[in-house]
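Each of the next two complexes has chain A plus one other chain: chain B in the first, chain C in the second.
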Partner chain A sequence: MNWLHIFFMCEIYVILALSANLVSGYTGLLSFANAAFYGVGAYVTTIVMKNFGFNYFSALLIAIIFNVLASFIITYFSVRLKDLYFTLATLAFQVIVFSVLYNWEKVTGGSYGISEIPGVKVFGYQLSETKEYVILGGSFTLMVILFFFFFQKTPFVRLLECIRDRELGAVSLGKNISYYKFICNSMAAAFIAIAGSLFAVYNSYIDATSFTLNESILIVNMILIGGTGNLIGPIFGACFYVMLPEITRLIPIDSTQGASLQMIIYSLILILVVRFKPNGLFGKFKFQ
Partner chain B sequence: MNKTILHIDNLSKSFCGLKLFDEVNITLQQGTINALFGSNGSGKTTFFNLIGGYEKPDAGKIHFNGLTIKYHNEFEIAKAGIGKMWQEPTVFPNHSVLQNLLVSDRTHPGEYFLNYIFRGKSIIRKEAELKDKAYNILRKFKLGNKADQAAGSLSLGEKKLLSISMLLMNDSRLLLLDEPFSSVNPNTIERISEALKDLKSEGKTVFMIEHKIKFAEVISDNTFKIEHFKIEKLN
Partner chain C sequence: MFTQILINSIVSALLLSLVAIGFNLIFNATKVFHLAHGAMYVSAVYGVYEFNCFFQKVLPGGISIAISVILSLLLISILIIIIEYLIYRPLFQKKINPAISLISSLGVYLFVINLITFLFGNESISLDNDYKIVVSNDYFKLTDIELMHLIISILLITAVFLFSRTKFYTHIRAITDNYSVAEKFGINVQRTRIIALIAGTVLVGVAGVMKGYEIAIEPNVGLTIVLTASVAVIVGGVNSLVGTIIACFVIALIENYSVKFLSAQWKDMLTYTLLIAVLIFYQQGLISVKQRIETI
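What follows is the complex of A and B.
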């Protein structure tokens, strides 16, 4: 069992779950487009580094800008939609982005993906070992966690939560709901770009199958199980989902049955949490 | 003579071919309490929704302090100074009473994301100022001892008082109150009446829908009634 690899994947999913929590936990919008932004972040980083020779940090900045612009498009079309309609719009966006990544062979490599992605250089030092990527990923994850730690105490988040709880009440107080949804979606897309770029440079290979609707559902499951509207819920949910396959591997059955067993355990846990802890294990907010 | 704050000019509205209002004209003066009566289904709430911009009129215009309502979104109208208390008060149930008031202010720099980068100190300063203002309002409305309590746990009457105090915190100049006295006990009716008189003395204009005519008449300067698609002034 490669614990360093597991640790790195935990870092990536913590960033993804915290970003999803920003949209779903604080604003109450259930988005299924997280894997689409994750994919755009990974592909933009890869293409900019490989085809244009940019270093990792410049490529990351470009990926963030690209993701924020992509989020503007989806938010522009969906910002006035409520609840399920917003979710359906994000679902459509996810399907479109996946189709583009999978079929635009010239740019994305189509089903072959892109290999030999250059590694990260920090002050001239080339990262090559897993533990070095764990440190890089850990630094980003820590920054994201610290950002959310301070962010969740701000008047901005207080207002987001009020919009989530009573949108009409916020409108009657003169709050421009669209502005806040725009900001939240853009911020989430920017953080997801970080996760995407880390994933790309760590694996040195990406293809579209890493950014399917299933991946988006997985991210939503993380925040449903851990809970939304705070920090600990998404962090727990992300780590739990990354660790669970490793734990089930300890059960002495063959690998084919093991995969099925994992799915059964995932599903059972989800059913139990939704039934008995609708806020998630540590969450503050229940999806209606 | 007080300044005119709301002027409604030949307002008409129909729903699916069913006429609700036909060329309604009303003028409200600043610093007055006004009550609107009418039978169930006569269109009182729709009338308030038209003033607040939640519905658009078929014809006619509503002017509020130089602003023509039908050209603006509901949040822009609220920002211009028309606050609405809904029949079921829209307080934020998971937040404390104090936080409900803090979020009601519409000048808080902390609600604009870029201010965290450029005006961090002003956010902290404003938060402290707003807390003082909020506590003053809570004391005035006799909700001071409930400041840290979740708004969702208040009684209906207290939620109505909180809603009105949120509009005050929001610096609304025209307060549209949908049945402030309904389903509340006599003691709370007294508290709400006192609060409305206080608002009037501060130059705010109150326009309320009410079924409890005797309570509303006592404190109102003007009363109106919806009848036959028109709104008539009663006194």
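What follows is the complex of A and C.
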């Protein structure tokens, strides 16, 4: 059992879950487009590094800018559409982005994906072992967690919570809702770009099947199980979801059955959480 | 070639209409974005396949298939009633947000699909592969299976339109509009929900079994089908059955003709672009019933 690998995946999913929590937990927009941004971040980093010879950090910066630009679409949806229709529009966006990543063979390599992604150089030192990537990922994750820790105490987040609980109230206080939604969506997209780029350089191979609708569903499950609207919930959810396959691996069945057994457990937990504990295990907000 | 694509589009549009009408009935009656509909589609195919494997040893072919289809439809009806009692009804009584009922329905979908893969493996299954061409002329060819699809779906759609004249459908409309007022006027909300759920599930079951006779079905196809059907429902206008059917035709024509002009990979993308365009520009769907502004 490769604990370092599991630890690295935990870090990536913690970043993803925290960003999804910013949109879904604090602002109350249930988005299914997270894996699309994850994929765009990974692909932009890869293409910039491989085809234009940029180093990792400048590629990351370009991926962040690209993702923020892409998040304008989600902002537009969130201003124009409500509840279920917003969720559906993000779902459609996710499917469209996946379809582009999977079929635009000239740029993304289609179903073959892109291999031999160059590794990360930090001040001239080439990272090669998993251990070093865990440290790189860990420092990013720590930065994100610390950012959210301080960020959640600011008046800005209180206003996001106000939009979540009563949008009309926020409007009547003279707040520009579109602006706040825009900031919140772009911030989430930027953090997701970090996760995507880490995933790309760590694996040194990406293909579109890592960024399907199921991945988005998984991220939403993470924040729903842990609970939304705080820090500990998404972190718990992400770690739980990454650890569970390692536990089910102990049961002696073949791998396809093992995969479906995992999904059975996930979905059962999801149903039970939604049914009996709608605000998750640690959450303070329930979707109502 | 042109007419051949047209005929194929009509057949696939009619099959999609069955799924979409079922989705529409359930969405209107329960307000649940019923993604588990796709699981019912797949369960029906697997039910027929497994029952047929069992019965074909003791009974002659035709009778065995008929019994399997009936048992399979019965099975998914029982399944939907269990889901209603255990999950949808308690959530409905808590007056939960539609987005969260979507999540619960997604949970049910994942549970059922993965239970099927766990029990029967994830290889695709086909109910019957051999077909023969019954109509053939200069313009198009029609296989016996496609002819069966045409006849059964037109019969079922007619049945749905007859159903839409009955008082049950009026009850569904009333619940869609405002269930608490409907309840005060003496409409049995719970029973109407169950009728709508069973009607929708039987429709999707028949559509699944018919599709199973045409191509091989694998468990994960359910989500694609139900999402396409939901696009049709939203595009056609949630309140209108005719709108849903017209939207199904539009989607099927777009998908089939896009294969001719673009490659087949892009057809998902076109369908969902249509969804986004409709959501942004015509939020009530292309065809919608006139209603008071505050209920929208």
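Convention: the second predicted complex is superposed on the first by the 286 of 288 C-alpha atoms of A that agree within 3 Å, B and C clash if a C-alpha of one lies under 4 Å from a C-alpha of the other, contacts with A are read in each partner's own complex, and residues count from 1 in each chain.
Rule of thumb we're sticking to: a residue touches a chain if its C-beta (ideal position, glycine included) is under 8 Å from a C-beta of that chain, and two chains touch if they have at least 3 such contacts.
Note that the coordinates shown come from a computational prediction; the quantities given were computed from them, not determined experimentally.
After superposition onto chain A, the partners chain B and chain C occupy separate space and fit alongside each other.
Judged by the touch definition given at the top, the superposed model places A:Gln257 against chain C, while chain B stays out of reach. In the superposition on chain A, A:Tyr266 contacts chain C only, with no contact to chain B. By the touch criterion defined above, A:Lys121 lies against neither chain B nor chain C after alignment on the C-alpha atoms of chain A. Once the two complexes are overlaid on the shared chain, A:Lys131 sits clear of chain B and of chain C alike. Applying the stated contact rule after C-alpha superposition, one finds that A:Leu84 touches chain C and leaves chain B untouched. When the two structures are aligned on the shared chain, A:Lys153 is found in touch with neither chain B nor chain C.
Once chain A of one complex is fitted onto chain A of the other, the partner contacts of A:Val220 are limited to chain C, with no touch recorded for chain B. Minimum Cα separation between chain B and chain C in the superposed model: 9 Å. Shared contact residues on chain A (touching chain B in one structure, chain C in the other): none found.
Considering their complex, residues 30, 77, 80-81, 83-85, 87-89, 91-93, 95-96, 99-100, 102-103, 213, 217, 220, 224, 256-257, 259-261, 263-264, 266-268, 270-271, 274-275, 278, 287-288 of chain A touch chain C.
Of all residues in chain C, only 33, 86-87, 90-91, 94-100, 102-104, 106-111, 113-115, 117-118, 121-122, 223, 227, 230-231, 234, 263, 265-266, 268-269, 272-273, 275-276, 279-280, 283 touch chain A in the complex they form.
The part of chain A that touches chain B in the complex is made up of residues 154-156, 158-159, 161-162, 165-166, 168-177, 183, 187, 284-285. Chain B makes touch with chain A in their complex at residues 52, 74-76, 78-80, 83-84, 86, 90-95, 99-100, 102-104, 106, 108, 110-113, 116, 123, 127, 166, 170.
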